[in-house]
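Pasting in a structure now, in structure tokens, and then I'll have a few things to ask.
Should a chain be cited, it is by its letter among A, B, C and D, assigned in written order, with residues numbered from 1 in that chain.
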Amino acid sequence: MSRFFLAQTPIDTATLRADLLDDRVGGYASFEGWVRNHNDGRDVLGLRYEAYVALAEAEGAKVLDEACGKFDILDARCVHRIGDLVIGEMAVWVGVSAAHRDAAFAACRYIIDEVKARVPIWKHERYAEGDANWLHPDSKP
Amino acid sequence: MSRFFLAQTPIDTATLRADLLDDRVGGYASFEGWVRNHNDGRDVLGLRYEAYVALAEAEGAKVLDEACGKFDILDARCVHRIGDLVIGEMAVWVGVSAAHRDAAFAACRYIIDEVKARVPIWKHERYAEGDANWLHPDSKP
Amino acid sequence: MAQVTVLYFASLRDAAGTASETVECDGDLRALYSMLRERHGFALPVERLRVAVDGAFARWNDEVRAGSEIAFIPPVSGG
Amino acid sequence: MAQVTVLYFASLRDAAGTASETVECDGDLRALYSMLRERHGFALPVERLRVAVDGAFARWNDEVRAGSEIAFIPPVSGG
């Protein structure tokens, strides 16, 4: 079963989290990326995420499997939204369970960084001025 | 208003999280500590947290205020349970909202580390063998 | 000449005016992108893209295989 | 002689058999702990404790003030 998912509908973090918890878990780290009302000094009205679905699912699953191999964690999941999102909606969620917090934090950070850097998903922002733009950053922050 | 709380009843993370989110938030990092069924190689049946309440609330609030000053975050909260907990219950929760994920992760880590190191809360573990023990670690892991 | 399907995403799709097209070409994937960049006026140089063949990342100097599905991957911006 | 209230937590409370007691003493907080450690047989040496007066962390060489509430803080284990 894959640990990475693309979702066309809002992400239910409570259910995702519940899937990661069991009696061995001592630390659970999670990260959520939300649609901000501004980016690079411009007012953002909303955005759209587009993915190359087949490759995004394969590359996302690879990132999650790497995290499970590199860090002493029990399990991990990541979900990324695609389609239209409004300000304040959740764009991406990462959850990691581990016996100890060091590994949970490290794996959570690894997953969000690698997903942002490698998984073929693109953000299209609509601005208050009426224009819109595909984001193709030179390098990932 | 304080950003740190002691709780005698289970922690409702959904409501706590909702308090941290607004249109400026781009990244939300959280950490949860759960009661594991083992510690240092021993089977744990359950535990009790005891606090020096007045000092724990003051020192916890100080840690959270430090985090808000040191890192470029929007807000943060931490709740620590006291009283009797069973395996699989949440013992501590940290939530941090920020415009960007670097600060959210760094502040979240700072808060849990400092709370564990400085806030006067003690863990009393009950073991499968029938004995029990106060944990007074030599140094924090 | 090999006939292949090319997929476009994000700004490349906007510039091409289509999400996919069938093209005929010779040579490697780099040559294919050069040809299509000229045809559609893509702003992004090959150095800023990755390329995938049949759903897996590939190398620019791989030969184009007839019947394959080729995707040019602009810099990603998920998260 | 200053009369103060002492609070015990965790293993110190178990060893003392009480959560608080009123004691009379002279000198600094370190001397107070030494006296009480001898009385109750506390296992923890002063080096492993912190001390608080009236709800705020204090220094071991602070003089004991009459009427204050003193807490000895064993190594903490929250989280």
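In this section, a contact is a pair of C-beta atoms (placed from the backbone, for glycine too) under 8 Å apart; a residue touches a chain by one contact, two chains touch by 3 or more.
Computed from a prediction, not measured in an experiment: that's the story for all the values here.
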Checklist entry - Which contact partners do chain B and chain D have in common? => result none
Next on the checklist: Please tell me the distance, in whole Å, between the geometric centres of chain A and chain C computed from their C-alpha atoms.
Outcome noted: 26
Next on the checklist: Can you work out the whole-Å distance between the CA centroids of chain B and chain C?
Outcome noted: 49
Next on the checklist: Counting only residues that touch at least two other chains, what does the list for chain D look like?
Outcome noted: none
Checklist entry - Tell me, which residues of chain A touch at least two other chains? => result 33, 112
Checklist entry - Each pair of chains that touch: what are they? => result A-B, A-C, B-D
Next on the checklist: Per the contact definition, I'd like the list of chain D residues that touch chain B in the complex.
Outcome noted: 7, 9-11, 14, 44, 48, 52, 55-57, 71, 73-79
Checklist outcome for this item: The answer for chain B against chain D in the complex is residues 33, 49-52, 54-55, 58-59, 80, 91-92, 112, 115-124, 134-138
Next on the checklist: Taking the touch rule as given, give the residues of chain B at its contact with chain A in the complex, in rising order.
Outcome noted: 14, 21-34, 36-38, 87-88, 99-101, 104-105, 108-109, 112, 141
